[in-house]
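As written, the chain order gives the labels A, B, C and D, with residue 1 at the start of each chain.
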């Protein structure tokens, strides 16, 4: 940490800062410039906080120098950076596609989706189970009951299964039903107890953008999981709130910004940023062009009848057309569809 | 719902819209203006969604007319709108004050806080248990273990106890330990399963602003709880993310905006919007002047040593000074401290 | 406009609404549903405002039905939707590229840039003249003096010239020097007097995203120009403020959202959303994949020495490499580089 | 500036950083810690930029240590910090009130407003002239023609006059008509040329929050004016864009945050954050309680008929009632109405 002293700071104030640094088990380095005095706190600065110094008289500002994430940082990059969900690797040249509806409606619906999605080349099946931000009087999702449906539909087609984890009481069902990956956003992402628990499991996690949208909170949520031993994390950019608009803003610049900080793969779910299926296809292409390591594609056998995301779901033929386009596009950016 | 047809819509397209309205069990009302045709869908529109109509050819836009919250709406206002947490009523002329530290550090700390807070006139004790947005390497909060400490400190002083609920597995402890109110934000707020469960309990809820900051999502979260039968909800404005700034923006205009929609009381927690204890006091006064029905006040026996919110905690003397100022201020806006 | 009466509205209140509608020269249409009464105001609703009705007793809400932009709307689409800047057409199959530095530094710099940019296939030259958001003690841009430099460098290479308009007093210089297009954002975009004046000129406009980021304000700014007779407008998405981050968020979903509302072309300037030149290239590819009708590419002969956007400028070789990649990419989405 | 080297940085990379520091006329200070090497660039760091260092190999991050505003900083606080608009001082114990309509409609309207506003104790008259963010087909404001009307109405009542400056071509009219203060927001705020010119005049400026909402951009805009010699600046918090909402969010925490950085006074205009006149009054009280040095109050002889801000304007009786309430409130926070 670096502590910038105010222009008029005196020696006694400097000594108080030094004493506080030593009390925390770090050592100080006082640098007297022409305009200001800077004091470096050298050692493990995670045990101290800038606000403890900014309260001391004569201190203008205290700044952390080191980032607070370490395990997931670029500097900690392992030999292989690929994260596997069963037989699908994220972070290599191949681009796995995850398909699924906005919400699981029935086992028949999931059977249809898994069949045409697998036919189109998608190797992972995703099933939304909840609809947290809507009226309690509209369709709420099938909840935990959807887990078995997703698992069965995936198995029938030889696909991997991914499902949304929102409540810690569902953890057991995930393990018993052997769901291949957790989809963590919203509720679970803000629950540090649950993140810690997921960190102790050896099961991959699709970690969505936090609703407040800051990258540093996102990286720290990943670090919290990794700190428990589970480094099988895939970031998933899903958009941030737009000013004065119901549509989310898909932040494709986040792909590069995250990769600058962390070695973990980054996929994109453009659903909530699109107003029409054609926009969903356009944004899917854009995500791959921007360097995404995979996609989540909303699909429905009959989008007109979808209970959720009716205007943001690809029909079987639209999915097929998009996959064909992605097959052409991927090589332009040095990638390939699975 | 109102469906606005495109300028060039033909009779067949109008008929398709009408058919869809009837299929949902509603009746249509076609209004042919000089420029456009408007079709009203009359009946319980919660079973249909604008996007189901916007996909039909010839439709320009579909808009809901009725709000999706009902139980908590102004129109549903009961005879008494006060929400009680034990013996403290929110929403009347009196302004209850909730005091507590950023995080529970020990039972000794809580004994000190409850003692001086009660002395200063605060009748409710709050204890933060988690620190969700920080590095996993810094102090994490005492978690569920803090519940008993908060309860005991509150009882000793004859105060009500409020604690943060983030994980559904802690529900039982809340009930067993007889914590008087749930503080719900972040994780629990985004967990519809947990909101539903809280809705089935007869225990008051302090419901914080959702992290994305939209009022309609906040109102719907309250409606979800109320729909289960629990109408004992107090909104708590705690700030929204500022552009390019770590400090949150406290939206005091939300008090009036919420009260225009709902009869439920609204309190304010200015902690994260302040950079210094003096700003915390200033924003507390501002919240009361703006019409808040109570306050959450961060306090610590020795703010310099606080593990969290060190710069946003009031010392015992600062708390006492603020309460004195609030006592003078409240009558100006027709209120009184408890 | 549609006026929704409150549940308990009485006949006298309905009559007051009807009287107000008639006073504005419109006619009413009263629709009595099972739950609520809706009153339509039929005619040119631009002369009335929802707030004039929401103040009347018994009114719950008033909503505009028609959009406030007309000339630029999809419904007003002319036979040819292409906007030409000299010999370059935006909005057709071809994708013109605009190149230029973050700020004009000297005529020598612009001569180098125009030469290598033209060599790489860019047909339009852009020169930033101001740096509005930085310290007054850093380089401020050459201001109006840069206009002649841009014009001359463009002419030498047979390129079109585009320059930033921020102050109405510069309008004459633009016309005298025959700069081919105005680049309007920030100051000029918020100056309705200046937009009106630009609307009376027959000179194309590159209209950037407003800083507050809302699409409706952007569309209305375009309408304001078009209302004066100048329909030669190209939207340019340049990013919106990210929460807690200096980097802007590039909203590629805005391309589809704008095209749904307006027939005007949309280009993208990814500069401020990138942290490194490689990210600039990735986002440029993404923009084309998302359906952009052209790009603004920050370039500098020696990015390490650039006075502005040093980390967001493409070197000559990086520009050449990006153009080659775009040449491969464009056909995948049915487009071609010029 | 402080340059943090990457963990694996070698001596050659350190030397390159040192060379760059020296080339800029600064001196280096290399500090070798247990984990990292930090290099301080000592001297006037305004001539260098972090991005020039972050491009060099082996550099992890470069951070400015000193703020880029100096003249307006707390550290530069003059003996008297009051800013006068004619006979009204902002920044002392007294709280001047500025009154005026959303837009000047006629000289008759302004005569009425100035008369009842002066009667209620407001000593400054404000007249909005433009309506930048609305449809070009609605009332646009009287533009520059309103300046004379505001001036005359103010003089008749012995009030000071304040008017909105949006276009540099209106500067002469302000001076000729002797308008007492510039109201600068939106367009003028984003026009560095115009800010520089205002900086050379000895006429006070009411400087509104920039539309993107960041405090640092606001402080730098003030510094730009002050750098020209004009230190007569009053900050005016007017709200920032709310997520998913037309209402702005009034950031009263900005008062304390600005005062921590700068000695300049801060007033508040709550208009766009209120949905109803009662909310306008509540937020006005809140602003004073939060430490504001004055208020801008939207008023209209007959708010129901106001062409702009119909729901955010105080009637004569509402203004009178609010002023009475403020008279009681001000002493509680150690202030007094003028």
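Note that in this section a residue touches a chain if its C-beta (ideal position, glycine included) is under 8 Å from a C-beta of that chain, and two chains touch if they have at least 3 such contacts.
Everything numeric here is computed off the predicted structure, so don't read it as measured data.
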item	value
Remotest chain, subunit C as reference, centres from CA atoms	B
Homomeric contact subunit B-subunit C: same or different residue positions, threshold half	same
Subunit C-subunit D separation of Cα centroids, rounded to whole Å	26
Euclidean distance of C-alpha centroids - subunit B vs subunit C, Å	37
Separation of subunit B from subunit D, taking each centre as the mean of its C-alpha atoms, in whole Å	31
Residue list for subunit C, restricted to those that touch at least two other chains	212-214, 241-245
Parts of subunit C lying in touch with subunit D, wherever the complex brings them together	46, 49, 51-52, 54-55, 68-69, 130-138, 140, 143, 166-169, 186-194, 196, 210-214, 217, 220, 223-224, 227, 241, 303-304, 310-311
In the complex with subunit C, residue positions of subunit B that touch it	2, 4, 6-7, 29, 31, 33-36, 38, 40, 42-43, 61, 63, 65-66, 75, 241-246
Parts of subunit D lying in touch with subunit B, wherever the complex brings them together	212-216, 239-240, 242-245, 247-257, 260, 270, 273-276, 278-279, 282-283, 285-291, 325, 328-329, 332-333
